[in-house]
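Two complexes come next, and they have one chain in common, chain A, joined by chain B in the first and chain C in the second.
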Partner chain A sequence: MLMNSGILNGSRSVSNGLKYFHTSSCCREIQKMTKLRVVDNSEIGKRAMAEGKPPKCIHVYNKTGIGKIGDKVLVAIKGEKKKGILVGLKQNQKTKVPKFDSNNLVLIDESGTPVGTRIHVPIPTILRTILKEKTQSKGADYTKILAIASKFV
Partner chain B sequence: MLSFISKKSNSIASNTRNFLRHSTSSQALKPTEEVNSSNNKPKDGRKSYAEFRHIYPEFLPDPKIEFRNSIREKLERSDMIARRTLIDIPEFYVGTIMAVTVSDKHTPGKPLRFVGICIKREGCGLRSTFILRNVVDHQGVEVMYELYDPTIQKIEVLRLEKRLDDELLYLRDSLSEFSTFDSNMEAEILAEGTPVPVNPIKVQLKPRPWLERWERKNLKGVEKIDLPEKFFKRAAELAKPYEKYDLMKQYMGTIPEEEQNEIFAEIQSQLHKLEVTRKKMKRKRTFVKPTKLA
Partner chain C sequence: MRIETCYFCSCKIYPGHGIQFVRNDCKIFRFCRSKCHSAFKRKKNPRKTKWTKAYRKAAGKELQVDPSFEFEKRRNMPMKYDRQTWTRAIDAIKKVEEIKGKRSNHYIMQRLRKGRELEDEHDVKEVQRDLALIRSPAAGLKERKAAEANAEDMQESSDEEEDDDMVVEDGGVVYL
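Let's look at the complex of A and B:
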């Protein structure tokens, strides 16, 4: 116990012997192993959040490996691999682009159709432009996410 | 000016004594605080330059010496005045609840309105920014705006007040009820000439982990922080209570009083004109047309 508390001085408190290091909370970047928050009402997402096992990013589909707003990520959620779109970040944004208190994710399937039917947090309007740009005529159609959003900021 | 200097050199001994007395007094000495000398007061009941400093802080340039450029500053000031003649940029402070309407290029034809509390105000000149924070649908949202952004259509002050701290960034780590504001809030009208009220509310922080070590920041608007003793011990070790006596630091971090007067004297007449039109508009708003009763 003594040793534990010595090692974990900088990280979170030690609770029931479980120790977990957070490497991404300081830099607030979306990279591999970042914990995300599912904000749609898909069954798997709701269950994962209710159980306190939020999905982890295991890949970012861009060339930098750092997830920015509107980027597609691969997440590990309840032992499955799912794809999702980042719809709100903790990171500092440009002016007029909202910054959120959590890293929000909406789960999608291969064709870009959202798994859930409703997003229960506000969505930045800049996603309209970003997702339209990312949608190719023959590829996945990401703009369906905008249709299930409840509020824009 | 020369005579002023010679007078100063004559009474240098008494001056130094004054200096020391000031610096050891309990209140923090601000070299720019004592502006209300008789020759600085503008005539005909206009606002004094000391008030301008708080109402229009972005007109004062960055005190950092390598960023100074008097021509650029002058041009920026004229641009700011030009912008202020187009839209009404009201007086606001950190802690004020505001609504900003911007025209959004992502949703053409539909302006976006965001209501929130101002948690930070920084920058000077055309680059001055402020951050609004609100909790929408149980999700904390913050938006940073540039004060002189041409896409801003309207800036409304819904509740003009100050808080106990200069920055409210700790609202990010406090309970959500302290940063929740209704988006349909109506503007509260303050009577003319009343001083800006200070809201003495104390917010409650969430348990750690936090974004910053708030126990070290000497915050006044936070309720007693529940932490083990060692955190406060360390905070006391790192505290710099002597910093307020560092006159040189204060001098380098502020614009000297004479320069402030020069700047505000240059723009005072325009600002006064803007204020008069704003007052007219305000009166129009507060005047309710009496309806005929049956």
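Let's look at the complex of A and C:
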């Protein structure tokens, strides 16, 4: 299958040498089966990334199955199921939201407390508004992950 | 709120404009528009792309080194808030902008003036080469020829006079 390498975004034409047909560019969405990159310093996270077996998303806690920035996801990591928050996406974002070179994840537990103790990767400041909306009083407090972040974008 | 500068073209990015990109080495890139973003994705070097400020400064087309630029540099020391410092800083910013503008413009004008001198030399040469277009070589030819002929006659006569002077006159024998 030949790809036109000059076109980065938008439509491409794919040909088998005889017929051209239209494809759309890759959306880079987070859905079931996407591999994510753990950016906190939790034990499981570090071991998984070091082994080269990054966590795989198995469920997105969203009405649509597509994970956006700040969404909670269920991941399978080292044979366990863990929950995490998406803190950085490769996908093109809205204005004022930075985009990252990899899909970044911070592992949390049921009550929203992060499993790791520090995050060295820059975290978007827009997460404060997003996570505050998700947090309900007397429920899980998701904004705790902002406390362990060291750098903001 | 902070007005950033574009990584590629060095122009100001106001809030709500452009794209921010974070690389996996935690370096943040800010682009003012998709033109700069596309160029970055195509791995263009801003120091070699003619229209960017980075190129202009690297190629010496614009003022690079000046004390007035030192004011804008990022300092990594946090400052305790002081109202006095703030208000004075705002006045200082205006003054520094003015001075910086004048110095940059002056630098550019100096560069362009050299071009003006070259142009003048070029023009002079061109005029001399193509003088025929301005004044025909045949203009006033007759008068010039006449003048030349006169000049020759004058020359000859003066030459003859010179010969006369050279010859000693024989006025005859002198009887006392």
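Keep in mind that, in the parts below, the second predicted complex is superposed on the first by the 127 of 153 C-alpha atoms of A that agree within 3 Å, B and C clash if a C-alpha of one lies under 4 Å from a C-alpha of the other, contacts with A are read in each partner's own complex, and residues count from 1 in each chain.
The criterion applied here is as follows: contacts are C-beta pairs under 8 Å (C-beta built on N, C-alpha and C of every residue); 3 or more make two chains touch, one makes a residue touch a chain.
Because the structure is a prediction, the values reported are computed rather than measured.
A.B. asks: In the overlay, answer first, second, both or neither for which of chain B and chain C A:95 touches.
C.D. replies: both
A.B. asks: Specify the partner with more touching residues on chain A, choosing between chain B and chain C.
C.D. replies: Larger number of chain A residues touched: B.
A.B. asks: Could you tell me if A:118 is touching chain B, chain C, both of them or neither one (first, second, both, neither)?
C.D. replies: Once the two structures are laid over each other on A, A:118 reaches no partner at all.
A.B. asks: Using the touch definition from the top, say if A:152 reaches chain B (first), chain C (second), both or neither.
C.D. replies: First partner only.
A.B. asks: Given the touch rule stated above, what does A:78 touch, chain B (first), chain C (second), both, or neither?
C.D. replies: neither
A.B. asks: State whether A:47 touches chain B only (first), chain C only (second), both chains, or neither.
C.D. replies: After superposing on A, A:47 lies clear of both chain B and chain C.
A.B. asks: Is A:128 touching the first partner chain B, the second partner chain C, both, or neither of them?
C.D. replies: first
A.B. asks: Which parts of chain A are in contact with chain B and also with chain C?
C.D. replies: Comparing the two interfaces on chain A, one with chain B and one with chain C, the shared residues are 88, 95-102, 120-122, 151, 153.
A.B. asks: In the complex formed with chain A, which residues of chain C make contact?
C.D. replies: 15-24, 26, 28, 38, 41-42
A.B. asks: Flag every residue of chain A that touches chain B in the complex, lowest number first.
C.D. replies: That would be residues 12-13, 22, 25, 39, 88, 93, 95-102, 104, 120-122, 125-129, 150-153 of chain A.
A.B. asks: Okay, in this complex, where on chain B does chain A touch?
C.D. replies: Answer in residue numbers: 102, 104-107, 112, 114, 129, 136-146, 149, 151, 172, 208-209.
A.B. asks: Touching residues of chain A toward chain C in the complex: what are they?
C.D. replies: 8, 88, 92, 95-102, 120-122, 151, 153
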